[in-house]
Amino acid sequence: MRVTVSRKAHFNAAHRLYRREWSDERNQAVFGKCNNPNFHGHNYELIVSVTGEINPETGYVIDMKDLADIIFEEVEIAFDHKNLNLDVPDFENLIPTAENIVVVVWNKIRNRIDNSNDLEVTLYETPRNFVTFKG
Amino acid sequence: MRVTVSRKAHFNAAHRLYRREWSDERNQAVFGKCNNPNFHGHNYELIVSVTGEINPETGYVIDMKDLADIIFEEVEIAFDHKNLNLDVPDFENLIPTAENIVVVVWNKIRNRIDNSNDLEVTLYETPRNFVTFKG
Amino acid sequence: MRVTVSRKAHFNAAHRLYRREWSDERNQAVFGKCNNPNFHGHNYELIVSVTGEINPETGYVIDMKDLADIIFEEVEIAFDHKNLNLDVPDFENLIPTAENIVVVVWNKIRNRIDNSNDLEVTLYETPRNFVTFKG
Amino acid sequence: MRVTVSRKAHFNAAHRLYRREWSDERNQAVFGKCNNPNFHGHNYELIVSVTGEINPETGYVIDMKDLADIIFEEVEIAFDHKNLNLDVPDFENLIPTAENIVVVVWNKIRNRIDNSNDLEVTLYETPRNFVTFKG
Amino acid sequence: MRVTVSRKAHFNAAHRLYRREWSDERNQAVFGKCNNPNFHGHNYELIVSVTGEINPETGYVIDMKDLADIIFEEVEIAFDHKNLNLDVPDFENLIPTAENIVVVVWNKIRNRIDNSNDLEVTLYETPRNFVTFKG
Amino acid sequence: MRVTVSRKAHFNAAHRLYRREWSDERNQAVFGKCNNPNFHGHNYELIVSVTGEINPETGYVIDMKDLADIIFEEVEIAFDHKNLNLDVPDFENLIPTAENIVVVVWNKIRNRIDNSNDLEVTLYETPRNFVTFKG
């Protein structure tokens, strides 16, 4: 009886997509307006999903409040109202595309979830663009 | 050519999370404000997903109207505008957490869906908390 | 240059619609399934809107964080995970219809907002039913 | 490190569900009000999801802008503001149920996506009815 | 103590925007792809808002169920799964633009609402285009 | 017969809230985490509403496509994927709070709308914070 428990959260951040070692022309060709040198930003919406057995005593797979706390401690404190390129060490050498952000978030939360549980993270960069990582 | 057909529905209900055999202190420690003795409530949103072959004559996996009727008969009549703890026999000895509710709903609908089809149910307790069960 | 600033919040609560002095038959005829004696519940969504002049120094009509705090202190603490009929004194002698709830919320928040500002409150009882009060 | 990248799009179209070789009675019995001879219509919402390895240079699985262009060229130009039965050759001999539309859309986009990537398409016919095809 | 009570509803319909007495060229210039001779369609979402005094006995301005029934009888039966141009007499000599539809809906519902109450109707033609009429 | 026509649009941008002439301490006290020196960002959602008479020939108050073009030319080109503080001259000496942004947007669009029509603009900074300006 494995059930998936999902919790939504969000953070607001600035970012810029570019590779330091590329020329301005190449960065512009690949990343277009996402390469604006002064940054742009998003309201990122996050769905964190934990799959595991229901504890027969509590009826919980994981207490939603605990899951919300883990997301707050691992992601919101680190990313919210930040510049992902300049303020977040995870992206010092990693382009903060939605794909790379979702893998970073998954790794941060994976450390906090029991090994017997599966983890999936979905990240909305805009209401129309989103990415999912299952490990 | 297996396609998944999904239908949304909803019901409004009251519930309380607690174990009769536990002390008030332990119930409060585990279930917090969800343990309010006078109950609280939610607008539950439900997504029922049936996966099967497309019938080449009708172009349907299952008629959405039939699926809506099954949800109405099995879930809405039983749960809508009810107190899950007091009015619904399924939860007489089962804590009505989102995880337990989604399993109960899955079982009720499983009986009404052709065996060759797969079934998945997602239940939103709030817009930010939801659970999924695939059997 | 009067601008309206709006903040969303939510609370989950149980309620029952009935008049103590009416017969069961009359309560059932008027309130139907909302009259379930064991209560039912909702995820109430709230939009609180304050209209006033922009402060030229801060660029704010009201700091959204302050507005969120006022809603938390006046409404969420009082109503969230509560039974409106049994746990909230405002509804001891007032039926907790959406219309009555929105007026109670408006009065609680009105006390905390500067007199030069206008106040409007919208309350969603379900995603399809909502009410608005402007004072 | 396979990540799923999803992009939403939409198109507005008219359609009618019926089989030419069936009697009016049988069409009415099976398709009900969806069989209106003068058609009805929907705002179809589409989610196209591509799963593949992150390119370590760009941080992209697929450029969202390229994915949006593929959807525009393959689906929006062909279906938007059209009558699916009369204006779209794919449905000349295929009933435009949500199930059949999602398979047609999947095939059109599959041709444009790299073979090493997986493809899933979800189509909302209404906010409460949707279908998914994974190939 | 005037409160506004709002109820959402929806209907799915086909339509075409054109003036019979205009040339094809002029219709195409003014209405563009909305002039497709074979029609296109939408999931129309409707919000009907009634403003009036709270009845001190019931706590209602208007019973939401009665309001839902009025919308069903006046609008859904007449418009749902219909071709607005061909199946709905109101649009025999009136172009079914969102603006014209919302005025027609307002008039149909106005007849059913007590004169002491105000009425406002909002109609979403798509999630991004909507119109409002207050009489 | 004045009807309001509304169109949604969006732009993604970075910003920082602070007054150059204030000390770091005062900026931090007033603007909190919105004062991050490296900026943060949002997916801004915009609703532009034009109220006027229905043109009896076209059934339009204003062609939604024209309104979408005006929003694109006046707002999206200027603000999308930009740093509001550094890239947008309107905010060279104006703090880009939601309140100030909505007034700037209103003024840009007011110039393009016929004088006989009324204009209202709503700006969502996040799904839970939004502002409205009517002139």
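Each chain gets a letter, A, B, C, D, E and F, in the order it is written, and its residues are counted from 1.
Everything that follows uses one rule, which is that contacts are C-beta pairs under 8 Å (C-beta built on N, C-alpha and C of every residue); 3 or more make two chains touch, one makes a residue touch a chain.
If you're wondering where the values come from, they're calculated on a predicted model, not measured in any experiment.
Think of each touching pair as a link: the shortest run of links from chain D to chain E has 1 of them.
Chains touching both chain C and chain F: E.
Two copies of one sequence, chain E and chain F, touch each other mainly through non-matching residues, since under half of the numbers at the interface are common to both.
Comparing mean CA positions across the assembly, the chain most remote from chain D is C. Rotation angle, chain C onto chain E, C-alpha superposition: 120 degrees, expressed as a multiple of 5. Relative to chain F, the most remote chain by averaged C-alpha coordinates is B.
A straight line joining the Cα centres of chain B and chain F is 41 Å long.
Chain centres here are Cα averages; for chain A and chain F they lie 28 Å apart. Annotation for chain D: residues touching 2 or more other chains are 127.
Pairwise chain contacts present here: A-B, A-D, A-F, B-C, B-D, C-E, C-F, D-E, E-F [touch as defined]. Listing the residues of chain B that touch chain C in their complex gives 10, 12-15, 33-34, 36, 38-43, 80-83, 86-87, 126-127.
By the touch criterion stated above, chain C contacts chain E in their complex at residues 17, 19, 30-32, 94-100, 102-103, 127-133. Taken together, the chain C residues at the contact with chain F in this complex read 1, 3-9, 49, 54, 57-61, 63-65.
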